[in-house]
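Heads up, there are several structures right after this.
There are two complexes below, and they share subunit A, which is joined by subunit B in the first and by subunit C in the second.
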Partner chain A sequence: MTRLDLEQIGCTYGTKRVLDDVTLTVADGEFLVIVGPSGCGKSTLLRIVAGLASATSGSVRMDGVAVDGLEPRERDVAMVFQNYALYPHMSVRKNLSFPLRVARRPRSEIETRVRAVAVKLGLSELLDRRPAQLSGGQMQRVALGRAMIRDPRVFLFDEPLSNLDAQLRTEMRGEIRRLHRELGITTLYVTHDQEEALTLGDRICVLHEGRIQQIGAPLELYRKPRTSFVARFIGTPAMNLVGGEVQGEVFRAGSLELSAPSLPNGPTTLGIRPDELVLGQGPRLTLVAVERLGRETRLECELDARTRLVVCLPGDVPTPAPGARNVGVELRSEALHWFDAAGRRLAAEL
Partner chain B sequence: MVAALGLVRRGDAFVRRATHYVLLGMTAVVFGFPLVFLLLTALRPEGQGLRGGLLELPTEPAFENWARALEQMGDFPLLLWNTTVITVLSIAGQLFTCSLAGYAFARLRFRGRDTLFLCVLATMLLPDQVTAIPKFLLFRQLGLVDTFYPLVLPTVLGGAPFFIFLFRQYFLSLPEELSEAARIDGCTPFQAWWRIFLPLARPMLATVAIFTFLATWNDFWAPLIYILSPEKRTLTLALAGFNRTYNTAVEHMMAASSIVLFPCVLIYFLAQKVFLRGIRVAASKH
Partner chain C sequence: MSALFLPLVLSTACTVDERTLVVMAEEEQLDSWIVLEDLAREFEAEHPGVHVRLLPLGGAAGAQDKGKFMLAGDLQLDLLRIDITELAAYVGEGALLDLSPCFEADPTWDPQDYFPSVLAALRAPDGRLYGLPSTFTPYVMYVNRDLLHERGLEFPTPDWTWDDFLRAARSATRAADGNGRPATVGISLTQWLQAVAPWIWQNGARLLDDEGRAAMHEPAFVEALEFLHGLLHEERVASFDASFQNQLSQGLFQAGRAAFYGPVGYWETYRFRHIEDFAWDVVPLPRGERSATAIAMTVYVVPRTSAEPELAYRFLRRMAGERYQRTLARIGNGVPGLIAAARSADFLKPDVAPASEHVFLDVIPEARFLPPLSNWRAIETLCQAELEGILLVEDFDVAAACERMRAKTQRFLDREARRRSLPRMAPWAVPGTLALGLGVLVAIGLFRRGRRPVAWRAREERQAYVLLLPWGLGFLLFLVGPALVSLVLACSEWTPLRPFADKRWVALENVTRLFSDATFATSLKATAVYALVAVPLGLALALALALLLRRATFGVGAVRTLAYLPAIVSPVIIGALWRVLLRADDGLVNAGLEAVGLTGPAWLRDPDWVVPAFVLMSLWSVGAQMLVFLGALQAVDPALEEAARIDGAGTWRRFRHVLLPALTPVVLFNLLTGSINAFQIFAQPYVMTGGGPGDASRFLILYLYQTGFRHLDVGYASAIAWVVFALLALLCLVLLRWSRRWVWYAAETPS
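Up next is the complex of A and B:
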């Protein structure tokens, strides 16, 4: 069991600042997901932890001991790559046993461990195949097996499911979660898929332009996003954000007027999740489009030329036809999120 | 209209194909001519080597020329052994050092790497003749003249920038994640090269092995400079022995040449596919 501390990690490539003052802790046996859009620095952060890249500033500690100068092999971490990175000239058996063979473990121990991992991941029948003869899901299992076979201190996952189709991705997600529960190894998992982050992580760290936006439990991020970026990034469909201004405790955005007691005057953004909106009494909108997905019905409504709201209604419910005007949408005050001009959450919640 | 267009297209394709074959045929004639000439001359009776037309078929093929040629070359098994030892050692050395250097230039990060690589490439501009005298003086200083070392050491010590370049290109074409995975799995850079990259570079190894084989087997220049004792002579030196001032037996020389040439032609045809694959990979990336 290992506690992982990242302290004020900074990384610069040329003039581009990729990571800026990233500080976070992954507790013993915790599953922490780093999520963010492409280019936000999440993979760089993972590579710094692995020892494959160097931080320009800051320190990585494992159980309180700085590992910054150590080679990957000296850190005792295992990593699963996006493209699996299986050795194409080796059989599944040899891929799995490779880290143990490099470490010169006894042959009997290698055999036992390979067999145990193969059983755990359902690879027993595939041990003599080459990676080219495996499906994407099977390759990912082998990559997982190669990572877990030597019982590392920390597991690192670099978008391991992004090359799989949707169904397989869901299946593998369950598999990774199950393995983590069984092995209890400290895990740092990088993804750009917020749904993956919400379903896998004990905690989630949202990264944007090299800076941590928020760290917290999945539902905390969903219910109380600390910035408008987190608000938009976490949740599908994304949170509706309406830019406006507060003057004298009244929020105005085009034709929308809402009471906003105890909010400071100035430019303000109103956020509201699509599933927190219901049809009823409230601002009158124009229905632009209706999407029926079976388990939910999505309505795209227009408040004015520059403001659109998405409404998610559970199930397949009757709705007015697209083009209908004066569709009332109820904005419940407890469902509203407020952000200041810099995108920071405003303390006062109505 | 459509049918007419189809005919025009078919006609175009025919012309393209015909041009293709004519050009390839002409190239084959140019390159095949010396080989045919060599075999026809080798079949001519003694003293008739260069008489008659260049490609005239001998009326009575003199197959005994090969036996006479072997006899005149001297101790043929010893010549073959010497040439084989030098060739095998050169191939092994070349594969080891060039692949290792290519790997370092492709996958290791160190200060001045690209400048150093440019310097290595720049040595390709120096013809062998320019470095021959300094090299000879060096080997004489080391007391290695009239040994196989001067023929083998330059290749073992990575004296082939073109092959280093080929290996570098090949290793660059392999995914970066492979070396990262190897590092995570506990490999040192040398282990990653030996266990992961070298086995994956089989097409390139074959290409470089064939190139080196052809160059070393046919090398006349280096053995001529460094080999003095008759018992250390190579096949190419023995071939040169046929060249006399007054009575060169051309038909015997050609018969001996065909014997020396045989392994080269055989290996080239056997390994043609691997050879071309290696060249294509090296040419297609970076």
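Up next is the complex of A and C:
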């Protein structure tokens, strides 16, 4: 059982700062998801933890012991890659047993472990196949099996599900969760998919341009995004953000005026989740488009030429026809998020 | 409209009217070419309507093959310069026109104008005359006057003896002293058959006996060669550097480090004319039991494909006439065959070294040609292998080598005698084989095509065939056709000196000959050893280099380019370069070895080291293979290696279990192409060793080439070609079969 500490990790390629002062702790047995848009440095961070790349500054500790400069095998981590990285010329059996064979474990032990892992992952029938003869989901299972076969101290996942179709992805998500519950191994999981992050993680770390935006439990991130980036990134459809200005406790954005008690003067961004909006008394908008998804109905509205708001109504409800003006939207004050010019959450929420 | 056409019609009419004389008599890069051009223009002026077309003598290393192939192709060739050693072959094959009638009808012709012995060499036994001499040269000894003087030695008298020579050579030989002065040797001893022949004749021995049988086993012959072997290995007063292959590239004598140089011909005066560091001269060869020397000569002849023999004769007289002969003498080509030119100041050149040019004339009475019996160029290559053994290798059974020389020569002579009585090959053999081959190809095509395709596919197919046509024609014309013809040739006896139609049928004799051909066995063994060592080593080195160069770091681009560069340099250039690098005494390779305290072998001179030398060289050009490996390495998903690292695999296991399996297809590719290339090694030994020492580097294709173009035995050469092809095909088949067990293809999904 292992606790993983990243301390002020920085990483620079040439003049490009890929990671900046990343500090986080993965508790023993915890499932921590790092989420962020593509190119934000997630893989780099994971590779630094694995020992495949080295940080420019900072330190990685496992159970308090610095492992910087150690080879991956000395760190005893296992990693699952986005494209699975199965050895194409080896059978499934050989792929699974490779870490054990490299470690020169006795043949009988290898045999039993391969069998156990195969049973656990439903691969027993496929042991003699080559990767090229497997489906995406099966390859994914083999990659998982290869990672867990030698009981690593830490599991690292680098977008393992992004090559799968939507249905398989949901299925595998459940599988990964189940395995984590059973094995209880400390896990660092990287994805660009916030939904995946929300459903999988004990805690989530949002990364943006190499900087940690926020770390917290999924709902915490959803409810109290600490930056406008997190606010927009977490949750579908994304939170509506309206740029405006506060003057004397009144927020103005174009024709929109809202009372903003105890907020400082200055440029301010208003955030509100689409599903927190209801039709009713409030600012008058123009309805641009309607999307009916059955479970919910999305209305795309225009406040003025600059500002659009998405409204999400539960169920399949009747709406005005697109093009209708003067559609009233109710902005409940407890649903409003406020961010300052730098995108930081303003403490004065109600 | 017609006005436009008129000039065209006129000019065509003119070319039809014009008579052309095709002359191939000089090398284009030599001074004599310009003189010949002048002569041609002058001849044209005197003979209106005659155009003299000058073709350069082709071929490297004295292998003047172009003329032969013009003859073989029945192309017009009116005047040709050949080496006297090949004259008998030309005459014997009926490749020359008898010029006697022209001479007899010519009032200006006087045989007395030419040196009698020189003219005699151009006459058939029945007195017919086939041409006139260009220049010739008796073999003499070059002397470094200053070195002799420094050692307190007298300049040799014209009648000096072997003993005088040995004494002088001994005193002239000095090891390098502490003052940094280089070693000097008594003699830089020339080592090819014509150069060795004088010693043999001086000892009273002979190459052929009175019945024309090889006589190299006779005691006096063996004794003469033992004397030379002794000079090199017991007395140690001689150097090795003057072998035939090295002749043009270096010279101990030229460097002032040999007292004597020879026996060698007049052509060296041309090379030595810029020596300023010391005074040099020529003397007759030292005499043994009797005086004798050899004579080399080029002659002008009129081939049977001449369209204008009358004009050719007239031009021949010009070329052998006083003005051109004197010009050749002035340039330094050799001794003019025309006495007046030889005695003129143009040859004797009183104020240019050597002072004693007259020596070349003085020795003519005792100078001999190789017996005018057969193709001496062929016998020379046969004997060269043994001569090199005798002269280059210290522990060598001279008598046994002489016996081998005799056997080889005799075998050749026997075959020569038998050749002309062989039955002619049916005229339909070649067209028949071509038709049969074509038929088989078409049949295979039809068979493989199977069922008639639907209309749109048929149309597409037709278009495909139209697009394939240019390539297909080239393939048939330049590959399948010649291959089939060579199949016919493999069953025949033919030399390019005879018309192609005149082939003799020998059935499978050429193939059975291979089994009793010791040279072929040696050649096969040398090639196999070379391939067996060079190919795996090359693969390993290419792979290692590719692994090193794969990571993109600073300067790697330059290193990659450098590593690839040798692969795009012509093998001839590489050969020339390595000949210098591998020199035993002052080559860079041995200097490098010395720097780390090792004594390098004599590489190209040592039968045990010459194949390793070629292996070494081949490793230098692994760039192409490296590039293929590099490409394959870059196609390997880097995540695989990272996965292996995570899984705990070290460098070796990552290579062994991740990279290597991905590389197996290109390993196979490189193995196949490498083996094929190794079996076909030709250009490097051709320029570097000519097959020697002995037969040690006479690789298969080199032997094939020499058989066809030196020995003029195209049938046998074709048989060798087919056997090499069969061996290679078999090898590739075995490699491909074997590869199924270890090659892994990415697209492969085994059932």
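The working rule: the second predicted complex is superposed on the first by the 350 of 350 C-alpha atoms of A that agree within 3 Å, B and C clash if a C-alpha of one lies under 4 Å from a C-alpha of the other, contacts with A are read in each partner's own complex, and residues count from 1 in each chain.
Going forward, a contact is a pair of C-beta atoms (placed from the backbone, for glycine too) under 8 Å apart; a residue touches a chain by one contact, two chains touch by 3 or more.
In this text the structure is predicted, and so the values were computed from the model without any measurement.
Visitor: Following the superposition defined at the top, how do subunit B and subunit C come out on subunit A, clash or fit?
Guide: On the superposed model, which is not a single observed complex, subunit B and subunit C clash.
Visitor: Kindly classify A:146 by the partners it touches after superposition: subunit B alone (first), subunit C alone (second), both, or neither?
Guide: In the superposition, A:146 touches subunit B and subunit C alike.
Visitor: Output check: A:89 vs subunit B and subunit C. Expected answer is one of first, second, both, neither. What do you get?
Guide: Touch status of A:89: both partners.
Visitor: Using the touch definition from the top, say if A:72 reaches subunit B (first), subunit C (second), both or neither.
Guide: Touch status of A:72: both partners.
Visitor: Which holds for A:81: it touches subunit B only (first), subunit C only (second), both, or neither?
Guide: both
Visitor: Once the structures are superposed on A, label A:133 by its partner contacts, choosing first (subunit B), second (subunit C), both or neither.
Guide: After superposition on chain A, A:133 lies in contact with subunit C alone.
Visitor: Given the touch rule stated above, what does A:309 touch, subunit B (first), subunit C (second), both, or neither?
Guide: neither
Visitor: By the touch definition above, which subunit A residues appear in both interfaces, subunit B in one complex and subunit C in the other?
Guide: Of subunit A, residues 47, 50-52, 71-73, 77-79, 81-83, 85-89, 98-99, 102-103, 146 contact subunit B in one complex and subunit C in the other.
Visitor: Sort out for me which residues of subunit A touch subunit C in the complex.
Guide: Subunit A residues touching subunit C: 47, 50-52, 71-73, 77-79, 81-83, 85-90, 98-99, 102-103, 130, 132-133, 146.
Visitor: Would you tell me which residues of subunit A are touching subunit B in their complex?
Guide: Checking each residue of subunit A against subunit B gives 47, 50-52, 71-73, 77-79, 81-83, 85-89, 98-99, 102-103, 146.
Visitor: If you look only at subunit B, which of its residues touch subunit A in the complex?
Guide: Touching subunit A: residues 175, 177-178, 180-181, 183-188, 191, 195-196, 199-200 of subunit B.
Visitor: Give every residue of subunit C touching subunit A within the complex, in rising order.
Guide: Result: residues 637, 639-640, 642-649, 653, 657-658, 661-662, 744, 746-750 of subunit C touch subunit A.
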